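Down below are the structures I want you to see.
Same chain, two partners: subunit A is paired with subunit B first, then with subunit C.
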Partner chain A sequence: MHEGSIPIVNAMSDPAAAVPVLEVSGLRTRFGPLRAVDGVSFAVAPGETLCIVGESGSGKSTVALSIMGLIPPAAGRVEAGSIHLAGHGELRGLADAAMAAIRGRAMGMIFQEPMTSLNPVFKVGTQIAEVVRRHQGMSRAAAHDRAVELLRLVGVPSPQMRALDYPHQLSGGMRQRVMIAMAIACDPMLILADEPTTALDVTIQAQILALIEELKQRLGSGIVFITHDLRVVAQIAQTVCVMYAGVVVESATTRALLRTPLHPYTSGLMASIPAAQPRGTRRRLPVIAGTVPNLAKLPGGCRFRSRCPKAFDLCAEVEPPLAPPAKGDPDRLVRCWLHADGVAA
Partner chain B sequence: MGTARYIARRLIFSACLILGVSVILFAMINAIGNPIEILLAERPGMTDEVIESVSRYYGLDGSVTDRYFTWLWAILRFDFGTSIIYNQPVSEMLVTYGLETLKIQIPAILIALVVSVLISVMAATRQYSRLDFGVIAGAMLGHSLPGFFIGILLILVFSYWLGILPSYGAYSTRNMLMNSTLIDGLWHMVLPVGMLVFFNTATLTLLMRSSLVEVLRQDFITAARASGLPERRVVFGHALRNAFIPVLTYLGILFGVMLGTAPVTETVFTWPGLGALYIMAIQQLDYPLIMGETMIITFMLVGATLLTDIAYVAIDPRIRLA
Partner chain C sequence: MTGMLAFLRFLLGTRRHMALLGLAVIAVFLAAALLAPLLYSWPSATLVNLGHALARPSLAFPLGADEMGRDMIARLVWGARMSLIVAGASVGVALLLGLLIGGLCGYYDNRASFITMRAMDAIISFPRILVAIMLITILGPGATSLTLAIAISSVPVFARLFRGPILSLKSRDFVLASRSLGAGDMRLLFRHVMPNISALIIVQGSISLAEAVLIASGLSFLSLGPQPPVPEWGAMIAQSRAHLLSTPHVVLVPGIALFVLVLALNLVGDGLRDFADPKSGHAGPRVAS
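Let's look at the complex of A and B:
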């Protein structure tokens, strides 16, 4: 498949989902010599949760920051590709001020670290109200009321009082709820969640996932959910993109991907989920050997081949295209010679 | 209420601190010896009777503890005695000279604060740019240049070559500029204030820039940008307030010691301030003046530290007074 084309992976039969809220195609983001994102394409429909999965350094957070236009200009830039947001058109190349007007209004972002993502010197209610005032031009009092209402919506108990708290007075789970309240303050059509549960306790994780799901139903927004945890994917996503070293290596519906992972990297990720084992049958948890290659000097051929148990000659020579597998579901995409047409493996 | 109790406790602690300084100061001055003997003994034709009577006149014939408590009781009533050299009440001199020092120090600190904030924002938001490196280099240079150098340079350029600003004094001795004491005073302030602004700005910029660079890297800044706040609001509203927290300590000390920290400026510009007076008092062993000034500077520093701690609570909600 060519870089510029847009593979829309959408298994939902809902016809309303046909017009995506977000279409990303051929996205390339560089940090100096580092090609952090190297031609990524996907689309998200309203009410759909798309998970981007990958280990640290796979470029998944960079995708989110690129969409938001938050790549620090001193560090890197979005080199190529298109980011199309329904109702706002092409985002790439928009002026800073125009981009700032869209951020927080049409798309909201939830961050990984609730402990450090709120400004320590302002009350949480003030921080939420500031977003509302910025985008909806409300009065101070109306914005404060709206902030309290948002806190109630995200399940913060006694929101009237909590709105007057400073971030350090709240627990991690509560802070993440505040972050979510800020992200959805203006009913965005797109929510980007960058590992929003990674820093939280397991019980709190489940609550936050349920909250995000509930808000999605209520707002009908599309969600791009970034995680490295396939168990989270199983819980919330309709579609999944697996990223490795800056490219999508596999994308499919959650059900299809979890049932029959095609790419050796996806299989590796699934095998390394610890499961309860009966006594006496304990075995070492399989791991994917090695680490993500240096993105500044990628070798030719398949990016995963140095860690791939099934690599063969062709993998070292030519990078496989992201294409439907030769056999099986034509709606899925995989970047692997094992599944390419006419290649015997 | 926690804050009121905290302040009360700090006030008691401050009083003890000032008392401690007064004991040490008195002991040290006492250790130098009888000032009358030092000042008069070498004079020709001096007799023991004269020394004794002058000592009695200055109250130097009692025991150390007696003299300490007499002095302590006097300074509590803002009576620091009479200057030996100037033959004026020290308390009056502290006020007159002190006001002249404050007149150049307070504007200098405030102007430097505003200027360094603006420079720091420009540099920190363009970290590692040529401008940023220029600012760091300039601030380092300004921070390390000897004080008199800039003063003399200013006099050379503005007084000698351009001839537009006075090089010494706080007022004209004959004709006031535009016949106005105010305008004439401001006119004389320009160079000494400029010199102090230069040094304060250099140091404050070094502190503020690095603090701001650190804060701009924080997650909550990215989060503020992600919520669509305009960049100016992100930098001035969200980043600056956090960046200011570590600078506050330095600012507090700057205000605290300002009465005694401008001796070079005051000397270069012959400014009638406390800094130059302090040096003169020490050179001439004017005991009441040395002790009076030391106590006033101690008092200011302790007060400024207390105010700084209270300001911390106002600026950083994570800090609670207890």
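Let's look at the complex of A and C:
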């Protein structure tokens, strides 16, 4: 519960890494009595992909919406913490108009549902052109040319013709490419991707992941990629934050996390990835029993303990801090008593 | 323009002859209204000439003359101009205000919009014609106040009709996506959300035109519209009704014109509604649910 005082670990252990593009610390977002995000801190360097992993209800999408300032005011609000975007300073508390000028220009977001995220009554070229016209004051003709160029950049075949299509004339993968074109239209330094491949089939998913990787190389942006799929994490992320019930339970470099998951929740997630198995050796896919606890009335102690196979007395009494593990890599963080200093495991 | 062509192709393709007929009738009335000053001089429609009073249809007076000896066809054409201007302007004003109120009340679902919508409900609970009569009593009779009265009395209907779809559209993913790209509230509402109900606006506007023509004539019949000697169909019927039995044409001519125009507007409105209906299975504009 002392996230504010915990040093932010930039798990990308590159000392030459520039100032982080995005620094989030102690972020708390509430929906009425629901503490959806309860003290989350992380940082993203330019050219880095940070994955936020967790199951539904862990608060990972709320983190992205909080950064964008898109939490609907009628439903909830960002209560505490700081969101620092390089070159724009503190985003929390910015006026609506100032925030709108940053959205789409300094940071872009890609959504989960490409089928419904485009306006059905406008041509996709017009929709892309509108973004550059708004932020860069381009003329109508110049903006249209830029839209075609962006469509080519995101790998849409015959972009000149596709720019004149309406969203319903495009497939899901193509629409997601259009959404990506809109998000990167103004070369944002930060891209937030909220499960951008979840609604797509596997081959398209691989193409979109490759595209996002390629664009990151080209633009040098930092990416916050939200997913529940650890296989996606393995493909694209340098750093991972595992979220559970509104808090980060483990954060590390992708390599370290996938090789030796420390938190029992992370281990559970990894064990429940289905793998191809030879005939005759089929076994039941392990699952993490239970569901995410009710965020409106969390019991004391560790949030994961009711589902944790290794829970012991202390877990029910005090919530473990997010801290470097007692043994092992001091660059990673874990929120578990099993790995805390001076506590017998 | 391309929309108009697509509509024509739809009507031809699905053999909606009645709507096509309605379109043709409206075209004739529209042409007459536009060309009225070229076809018949204003004095020929308004100057009293008792020598020709109640003349039967003839070569000189194709539709006869009224009890003041004025050429019926000149009055009919100038009356069409009046009816279409009043109906068009009132529906235009009502659509603008209705979209503004319905749009804002749908987009901002707060206390102020709740109060506004209950006020709309209160106005709807009175018969429209009563609201219009009340407004004309305040404004004084005439073409302008007639237009305003019809417009204001139909605003609540439009506001309520447009609020529903706006309310459901604003929670769609593409609105959040546009917001994430830096669109502000007003741009979202008027540039992103409202175009999604353009088909609904067109259909409702066309159907409301017929109603506006009818109400305008009804109010003029009660001498709440443009004052004599300005030709208006409802007023023409009212002035000549004493001669209904002796020389029926003086009442029948404006009456039939009114009937035909309203019928034509309704037929075209029905055609437009089918055109915009996604279930009709063609590539026309869509009304968002």
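Keep this in mind: the second predicted complex is superposed on the first by the 333 of 345 C-alpha atoms of A that agree within 3 Å, B and C clash if a C-alpha of one lies under 4 Å from a C-alpha of the other, contacts with A are read in each partner's own complex, and residues count from 1 in each chain.
Rule of thumb we're sticking to: contacts are C-beta pairs under 8 Å (C-beta built on N, C-alpha and C of every residue); 3 or more make two chains touch, one makes a residue touch a chain.
All figures in this text were calculated on a predicted structure; none of them were measured in a lab.
Is this a clash or a fit when subunit B and subunit C both end up on subunit A?
Superposition result for subunit B and subunit C: clash.
Touching A:Leu70, do we find subunit B (first), subunit C (second), both, or neither?
It touches subunit B and subunit C both.
Which partner chains sit in contact with A:Arg28 here, subunit B, subunit C, both or neither? Use first/second/both/neither.
A:Arg28 sits against neither subunit B nor subunit C.
Does the superposition put A:Arg134 against subunit B (first), subunit C (second), both, or neither?
A:Arg134 sits against subunit B and subunit C alike.
Taking the superposition on A as described, I'd like to know which of subunit B and subunit C A:Ala97 touches: first, second, both or neither.
It touches subunit B and subunit C both.
State whether A:Tyr166 touches subunit B only (first), subunit C only (second), both chains, or neither.
It touches subunit B, and subunit C stays clear.
Which of the two partners, first being subunit B and second being subunit C, lies in contact with A:Arg177: first, second, both, or neither?
Neither partner.
Which partner does A:Arg105 contact after superposing on A: first (subunit B), second (subunit C), both, neither?
both
May I ask you to decide whether A:Val121 touches subunit B, subunit C, both, or neither, giving the answer as first, second, both or neither?
both
Under the contact rule defined above, give the subunit A residues that sit at the interface with subunit B and also at the interface with subunit C.
In the superposed arrangement, which is not itself an observed complex, subunit A uses residues 68, 70, 74, 96-97, 100-105, 108-109, 111, 113, 116-122, 131, 134-135, 179, 182-183, 185 for both subunit B and subunit C.
What part of subunit C is in contact with subunit A in the complex they form?
Going through subunit C, the ones touching subunit A are 109, 172-174, 176-185, 187, 192, 195-196, 198, 286, 288.
Hey, which residues of subunit A end up touching subunit B in the complex?
Interface residues on the subunit A side: 68, 70, 74, 96-97, 100-105, 108-109, 111, 113, 116-123, 130-131, 134-135, 166, 168, 179, 182-183, 185.
Please output the residues of subunit A touching subunit C within their complex, sorted ascending.
68, 70, 74, 96-97, 100-105, 108-109, 111, 113, 116-122, 131, 134-135, 179, 182-183, 185
Spell out the residues on subunit B that touch subunit A in their complex, using ranges where they run on.
Interface residues on subunit B, with respect to subunit A: 126-129, 218-220, 222-231, 233, 238, 241-242, 315-318.
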